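So the structure is just underneath, and the comments pick up after that.
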Amino acid sequence: MKNHIKTKYEILRQKIYIIIYGSNTFAGKLFDLILLGVILLSVLLVMLETVEQLDAKYHQFLIISEWIITVVFTLEYIMRIISNKKPLNYILSFYGIVDLISILPMYLSFFIPGSRMLSVIRALRLLRLFGILNLVHFTGQESQLKLAIKASRTKIIVFVYFVLIVSILLGAIMYVVEGKESGFTSIPVSIYWCIVTLTTVGYGDIAPVTTLGQIIASFIMIMGYGIIAVPTGIVTAEFAGMKNKDKNNDVKKCPSCTTLIYKDDARYCHHCGEKICDE
Amino acid sequence: MKNHIKTKYEILRQKIYIIIYGSNTFAGKLFDLILLGVILLSVLLVMLETVEQLDAKYHQFLIISEWIITVVFTLEYIMRIISNKKPLNYILSFYGIVDLISILPMYLSFFIPGSRMLSVIRALRLLRLFGILNLVHFTGQESQLKLAIKASRTKIIVFVYFVLIVSILLGAIMYVVEGKESGFTSIPVSIYWCIVTLTTVGYGDIAPVTTLGQIIASFIMIMGYGIIAVPTGIVTAEFAGMKNKDKNNDVKKCPSCTTLIYKDDARYCHHCGEKICDE
Amino acid sequence: MKNHIKTKYEILRQKIYIIIYGSNTFAGKLFDLILLGVILLSVLLVMLETVEQLDAKYHQFLIISEWIITVVFTLEYIMRIISNKKPLNYILSFYGIVDLISILPMYLSFFIPGSRMLSVIRALRLLRLFGILNLVHFTGQESQLKLAIKASRTKIIVFVYFVLIVSILLGAIMYVVEGKESGFTSIPVSIYWCIVTLTTVGYGDIAPVTTLGQIIASFIMIMGYGIIAVPTGIVTAEFAGMKNKDKNNDVKKCPSCTTLIYKDDARYCHHCGEKICDE
Amino acid sequence: MKNHIKTKYEILRQKIYIIIYGSNTFAGKLFDLILLGVILLSVLLVMLETVEQLDAKYHQFLIISEWIITVVFTLEYIMRIISNKKPLNYILSFYGIVDLISILPMYLSFFIPGSRMLSVIRALRLLRLFGILNLVHFTGQESQLKLAIKASRTKIIVFVYFVLIVSILLGAIMYVVEGKESGFTSIPVSIYWCIVTLTTVGYGDIAPVTTLGQIIASFIMIMGYGIIAVPTGIVTAEFAGMKNKDKNNDVKKCPSCTTLIYKDDARYCHHCGEKICDE
């Protein structure tokens, strides 16, 4: 009898698991879409709450909505743990931690006022969309993006480190040249200005006014012009390289050992030496 | 007799059709060029009407000119429908809809004042230029542009979605760090600032003033520096790939050993020495 | 006797020609370098003259220097015409016209005050540097730049035309949304703002203040983010393509017909069918 | 006896040398890391000293810390000279000069007040990190960066020279068009503005206000849009080229038919079927 209940419970658990974690069944897809909608809504709520006019008018409504969503998210979190055979795997995964952090701030707001703002971290849950849209093509694109960024990571870190050293030096020079009257009040502020300029953002809250300062600034800008080419070059070469590999995918298979043969004028398999016939 | 009129009418219809839709005859080219000029003029008129000093001086003249152009466009629209054998094809096509929307606002302005401004949508008619300049080479270029953009669309959508999530999180952080005094009045405004910064536009209407804010902003800018490389890398790889494909498209096959021959002035197979015949 | 004078004159003419136009002899090089220095100086003079503090102090000195340089340039211009066998070729060439325009404004300033400012066109003479540094490698680089830009010209024109149409439409939308209070005083100004934003320049002299305006602006910026990738992609693909062609230069020569063979695994010349021996 | 002392001293010298210059032993690595930490600290100190609030509070502490660090750096500098067999090699090397300049400003501050600020040049010592992290892979990346930048140097110089000439001409035009009221107070300032615009930095401290000025500015911006593509294209093509060369570098030759084999796990020649031996 007890066993029977256990089996029934197990079946229920599996059903819930498929709905919550899977996205192949209709129910699973529906669940995912609704969840995504609720996440979007909750992120919007946190955002709108900080707009004073809206908060003044709809404070009550916003608070209640947010509590409802937090309770829904809490239930979802519990369901995810219960329905999973290896709950620890989920709890310690990236999404498991994000899901927990998404609901904690609201409960913490009882003890620490203002912590509610942290709920905005829920935006990270929107990354789930990539999991939901697990069409082969789409995720292929995503993982290609990831690969290209990963491959160029070291080069970009070296590059950023170098840019920072240059910024410190140029920042110090501009501090000496422009002085406190032009807004270059300290070396850290000058470095901030230098980064703003090198990245071509250019707020204009601080701008050189002396002639020498403007000449140095021009020099920095033209340098930044050339420098912006470097990360672009790195990532592009990575993408282009991956594309080439892709292209080589129109390959033949060795008839005897099924090794992929990339050279299109190959006459023998490079793996087993078998002759490849021309059709 | 009636048939005769019909045939005469049919011939007239075809003549008009060739003039309006075609651009191979002299009359057709002339029509296209005049039309393009009138479109340009009408877009200019709508634009200038919003400049207060000009409107004050030439209001009467501007209004009358615009009405004349609208009537001309209306006649053209009717002609396009009449002269076309399958008018629905035209009416429901992209240009058909644009042509209709280009004339509607003026008539609507009788009922809804201020709707005349919408006439600016006529600018879309300028896209016709691509149709007029249907030189093989030129449209080849255009369609290559289109293809490259289409091919990289998915990757760019994934990328923009990712950038938006990052902007929400960073915007919220900056809102907490900078507070309302620095212009970061709400999370939506902070997100707006974050997009302005990540895209390296940098208006400077909102800029961080606290030290921590400036450090985070520097971090965002340097990140944006690396991030701007991603769409560039995607599109460039696409272009470069197409360039390669182009090059590979003019290959022949050796008749005796089926080796691919890439050089288009090759007279002998580089693999087996067989003569390749010129067609 | 007369003939003798003519020959002597002819020899003198040729000597001057070699000094002025050539840059292989020592005298020719010296002339070029001094000329470049004088051009740089004259451009600097025109520039400094517009700085009020400097002009107030050194007005007399600046004017006299400029007149001296103008006279020197005039003499050089006359010498170039006299020493050239086909003076019209020089006069109608790009540099010939530039040289004339460089000296005219000073003489015109007798009749039209203020026209002296146009002397700044002398900066174009600085382009001569490319002619002077006619090292093979260097000009190779320059012409590669020119080729890449020329090859991508059509694509870039199509692209800019498209961007302009988009700017008109978005500018009109922003004019309607933001209105005159936010600085969007007319559609042309809005279009100006839109170009400032799309190109990621972002002065901040005009910036959206309404929520809807900021949302649309964010959208425009992210679009600009993707759009900036297009010209970069076009030019880069062009450069990469040229590089590939370069790479193919490590080729073999057919021993019998001296045709260049680009495929490195070729066993027969593709032109004459001769067998290529492996060394 | 004296010889014995000399040998002992020589052994000590070598030990110190390995610790200071090497980074393979534990002591060497520890020394490098501590040194890097002290450098970072000293750069931070110089930077913070210029922040008025901090300087007012902790002036005494900052001065003393800086003196301690300067003494430490001086000792290190002396050790480097003593422990090196060829001290001149070190003294005249890039790092030798940087190390000297890093300590001089503090001692000079006795005679020239304010020269202490120059200590910020210590930031250059941070470049040592590249030497410390001499992992093969990492420096491979670094040198690839260096190579790509070196290879595209000539092209970029030509490009910058060209941009400067364009800036002078456009700057002069904007000076004439906008005049002194809009902030374009002189041609040099206009050139500065032009560079700010062409590089898409766009501070907005100077911005065109007349209609004609805004039209020209729009034209400059769109040009800058296309121009920014050029350095990017140059560097990217360089990177992509190097990537290709990399790939081609791991090729073997078939021992019997000398065909190049690009797949590194190939066991048979794809051309003649000969077995390739593993070394």
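Order of writing sets the chain letters: A, B, C and D. Residues in each chain are counted from 1.
Everything below uses one rule, namely that contacts are C-beta pairs under 8 Å (C-beta built on N, C-alpha and C of every residue); 3 or more make two chains touch, one makes a residue touch a chain.
What you see is a predicted model; the values in this text were computed from it and never measured.
Peer 1: Among the other chains, which touch subunit A and subunit B together?
Peer 2: A chain counts here if it touches both subunit A and subunit B, which gives C, D.
Peer 1: Contact counts by the stated rule: is the higher one at B-D or C-D?
Peer 2: Spelling it out, more C-beta pairs touch across C-D than across the other pair.
Peer 1: So which of B-D, A-C or A-B is the twin of B-C, meaning more than half of its contact pairs are the same residue numbers?
Peer 2: Most of the B-C contacts reappear at A-B.
Peer 1: Based only on mean CA positions, could you tell me how far subunit C sits from subunit D in angstrom?
Peer 2: 30
Peer 1: In whole angstrom, how far does the Cα centroid of subunit B sit from the Cα centroid of subunit D?
Peer 2: Averaging C-alpha atoms per chain gives centres 41 Å apart.
Peer 1: What are the residues of subunit A that contact at least two other chains?
Peer 2: 188, 191, 200-204, 228, 232, 234, 236, 240, 265
Peer 1: Spell out the residues on subunit B that touch subunit A in their complex, using ranges where they run on.
Peer 2: Interface residues on the subunit B side: 154-155, 158-159, 161-162, 165, 168-169, 172, 175-176, 185-188, 191, 197, 200-204, 207, 211, 214-215, 217-218, 221-222, 224-226, 228-230, 232-234, 236-238, 240-241, 244, 257-260, 271.
Peer 1: Spell out the residues on subunit B that touch subunit C in their complex, using ranges where they run on.
Peer 2: Subunit B residues touching subunit C: 43, 46-48, 50-52, 117, 120-121, 123-124, 126-127, 129-130, 137-138, 141-142, 144-145, 148-149, 156, 160, 163-164, 188-189, 191-192, 195-196, 199-205, 228, 231-232, 234-236, 238-240, 242-243, 261-263, 265-273, 275.
Peer 1: Under the definition above, what is the set of subunit C residues touching subunit A in their complex?
Peer 2: 200-204, 232, 236, 240, 265
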